[in-house]
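Below you'll find a set of structures to go through.
Two complexes follow with subunit A in common, the first pairing it with subunit B and the second with subunit C.
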Partner chain A sequence: MALVIRDADSPNGSKVCIASTDTPRLTAANAPELKADVTAMVGQGYKHYVVDLSSLSFLDSSGLGALVGLLQSVEAGSHVCVCGINGVVKQLFEITHMTKVFKIHNNVDDAVNWLQELA
Partner chain B sequence: MKLTFTMTKDIHESDALVLKLCEEVRPYLPESAAGSFEIALSEAITNAVKHADIPDGSGPFEVMLLKRCGLLVVVITDPPGTKTFYFPKTIQPLDEIDAFAESGRGNSLIQACADSVRYCVRKGRNRLLMAFNTEDAGAEKSKSKNLEVHDA
Partner chain C sequence: MLTLKADENVHFSSDEFAGDNLDSLKILIVEDDRIYQRWMAKIVENFGSEVFLSSNGTEAIEILKKEPISIVISDLCMPDTDGIELTRHVRNLKLDRYVHIIMVTSREDEEDRRQALSNGVDDFITKGTNPSILLARLRTACRMVRHEEELAQRHEELKAAVDHIQRDLAAASTAQKSLLPKLDERFADVIVRSQFQASSFVSGDMFGCFAFEDGFVGFYIVDVAGHGVRSSLNSVAIGHLITKEYFRRNVIGGDGNCTPADLVKELNARFAQQDGDDYFTMICGVIDTSRDLLHFCQAGHPSPLLAVPGSPPIAVGQGGMPVGMFDFAQYQNGMAVFPPGSVLLVCSDAATEAENPEGAFFGDVRLSAFMSRALSENSKTMTEDLVEELNAWRQGAPLEDDLTLIEFDRRH
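Coming up: the complex of A and B.
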């Protein structure tokens, strides 16, 4: 398992999934595991997703692809927020222009507050 | 400095080599370039391991690290007997890749993160050379007339 999942207080009665990585590096070696976790997560009826990458020190294009897969899988009207990106992970998001694709927040609380304000 | 490592066609072993090489180059690269080096190296090693068409089992691949003329050069060579192929002359810039594509960013990241990149076939083996400017690049570059990445 590459993701640890918990529920958040839900704005507007909709379920928010907070997923955090349980490995310091997401690469081609464990991207398939992450993708499987993402697929399982999407099947659990959440409305919005917050992916906490604060414990991640490295992410490659395979790991990034698995996160993009989450964007592709969620239902219309859902939001996918990413938070806690730093160092090389932040650099990868910036050079691949993923900062324009994902809604980026400093931390989980900021992301959940943003979702609550939307409701 | 010239260091040579080998690796097999096992994606689960690749990241350990990336970490080892990043540690080796730390004294020579500007701190601001460390992330670019790690990204390019990781993508290059993953590409080699995932896509090398080896007829009879696994590796070894050869990964060479050398420092000269203000450059750190990484040379990744496929195992002997690997099917050779022609590399694309142009690589799609990252800002032209579909934002929702789940794959296909590897070569573009290598191109974006390394200071110079060259693909070739040498002695029947696919070879990737990536160069990175070192901390002392300014001083050493003035001694060199040609900073292109050459086949080692």
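Coming up: the complex of A and C.
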């Protein structure tokens, strides 16, 4: 298990999945595990997703691929928010322009508030 | 001490143990009481096992070294080497098989048994126990020995398969490395030097450099996500695709206008899939030596460091989406002045992500400081020196990612 998952309800009743990494490194070694967690998340009736990466001090290309897999799996109109990125993880998001495809927030509360304001 | 006559008959039905196959098992009985020793031997022999006898631990060890014994039935209390000491010796022998040890005790002493178990004894019987109990214990031991033999055989089969795969991977690695150029040559007035180090048997990095007429020098570096065979096959496919002609057709227009982003767009259209796994980062560019310009396109690859005369190195480029990740990705042409005396250093992310034993990354700041120092020393071996610097930073720890370094030098 690379992700710890909990639910949050937005005001219009859309279920929001909040998934937090529980490891400091997301690499080729545990990316398949993350991918399996992501696959398990999708199709559970969630409308939006918030992925909290604040535990991460390192993310490599395989880990990033697994996160992009989530983005590619969700239904149209769903948002995937990423929060808690710092240091080299933030640098990787910036250099690969992932900041343009994921909604980036400082923390889970900010992401959930943003989703609530959308509703 | 319990004594039994050697010819004392033990009555049990062989049907009771139908299906047990003690045939071909070699069993060693270690017992200083000769009568009890022979009594046990007779029971075991009745079931077809080959029996070895010893009256002391020292002799038993010698037999175990010579014969493929699977099961030892040993008395706990013996002069000289007792059963526990014998067990300790057996476990230290590092035999190529597991030896199941049944300890014969004269009483059910908790402390004796605890000590015996902690030294590697597998099972117990009480001296003078019913022969049916002895055979039941042997039946259990037999099952475990057979299971152990099956595991050992599977282990050997797996080991042979792994050896075979490793030989194939080593051959693939050699073949792939032969595709990666070791650059140390002059293209127009640009000296290009490269260093490559693979993180595993096969790698996901690919790069190339081409000299065109009119003073154009083209280059690309690709880093396929992940490691191993899958990344390697993808990188080789990309390497075969980007020929000098393919590069020119996509990058250098007839009017001399350079559009490296067109090459990246072309590759993205070809490789973009729904699966986020198979993507790659790249940087490609053209040095136009007649106009002193560097044209480049960055697709998720770290920014190269550019040093023009009189200025410290700066990172150029604003990043860009990796190739093969999104079909809607847009790519931009970047441009920088690259006059004579300039140096461009392009590194894969393995450079800045090299970690020291404390887990600190080498990082952009150290990389930039390294380049400044190398330039001030007028080093002509910048990429070799950087490999050494990164090795020292990692303090000998193996690379976790492929390392590609290419220097484009106009300092002459």
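The working rule: the second predicted complex is superposed on the first by the 119 of 119 C-alpha atoms of A that agree within 3 Å, B and C clash if a C-alpha of one lies under 4 Å from a C-alpha of the other, contacts with A are read in each partner's own complex, and residues count from 1 in each chain.
Following the convention adopted for this analysis, a contact is a pair of C-beta atoms (placed from the backbone, for glycine too) under 8 Å apart; a residue touches a chain by one contact, two chains touch by 3 or more.
Remember, predicted model here, so these are calculated numbers, not experimental data.
J.: Does the subunit A-based superposition show subunit B and subunit C clashing or fitting?
T.: Overlaying the two complexes on subunit A (C-alpha atoms) leaves subunit C and subunit B clashing.
J.: Touch check for A:64: first (subunit B), second (subunit C), both, or neither?
T.: both
J.: Once the structures are superposed on A, label A:94 by its partner contacts, choosing first (subunit B), second (subunit C), both or neither.
T.: In the superposition, A:94 contacts subunit C only.
J.: Does the superposition put A:78 against subunit B (first), subunit C (second), both, or neither?
T.: It touches nothing on subunit B or subunit C.
J.: With both complexes superposed on chain A, which partner does A:54 reach: first (subunit B), second (subunit C), both or neither?
T.: Neither partner.
J.: If I apply the document's touch criterion, which positions on subunit A are contacted by subunit B in one structure and by subunit C in the other?
T.: Overlap of subunit B and subunit C footprints on subunit A: residues 27-28, 58, 60-62, 64-66, 68-69, 71-72, 88, 91, 95-98, 100-101.
J.: Using the touch rule from the top, collect the residues of subunit A that touch subunit C in their complex.
T.: By the definition above, subunit A touches subunit C via 27-28, 31, 35, 57-58, 60-62, 64-69, 71-72, 88, 91, 94-98, 100-101.
J.: Mind listing the subunit A positions that touch subunit B in their complex?
T.: Of all residues in subunit A, those touching subunit B are 25, 27-29, 58, 60-62, 64-66, 68-69, 71-72, 87-88, 91-92, 95-98, 100-101.
J.: Which stretch or stretches of subunit B touch subunit A in the complex?
T.: Residues in contact with subunit A: 11-12, 14-15, 18, 34-36, 38-39, 42-43, 46, 49-50, 94-95, 97, 99-103, 105-106, 109, 112-113.
J.: Residue numbers of subunit C touching subunit A in their complex, please.
T.: 223, 225-228, 274-277, 279, 281, 298, 300-303, 319-322, 325-326, 349, 352-353, 359, 361, 364, 400-401
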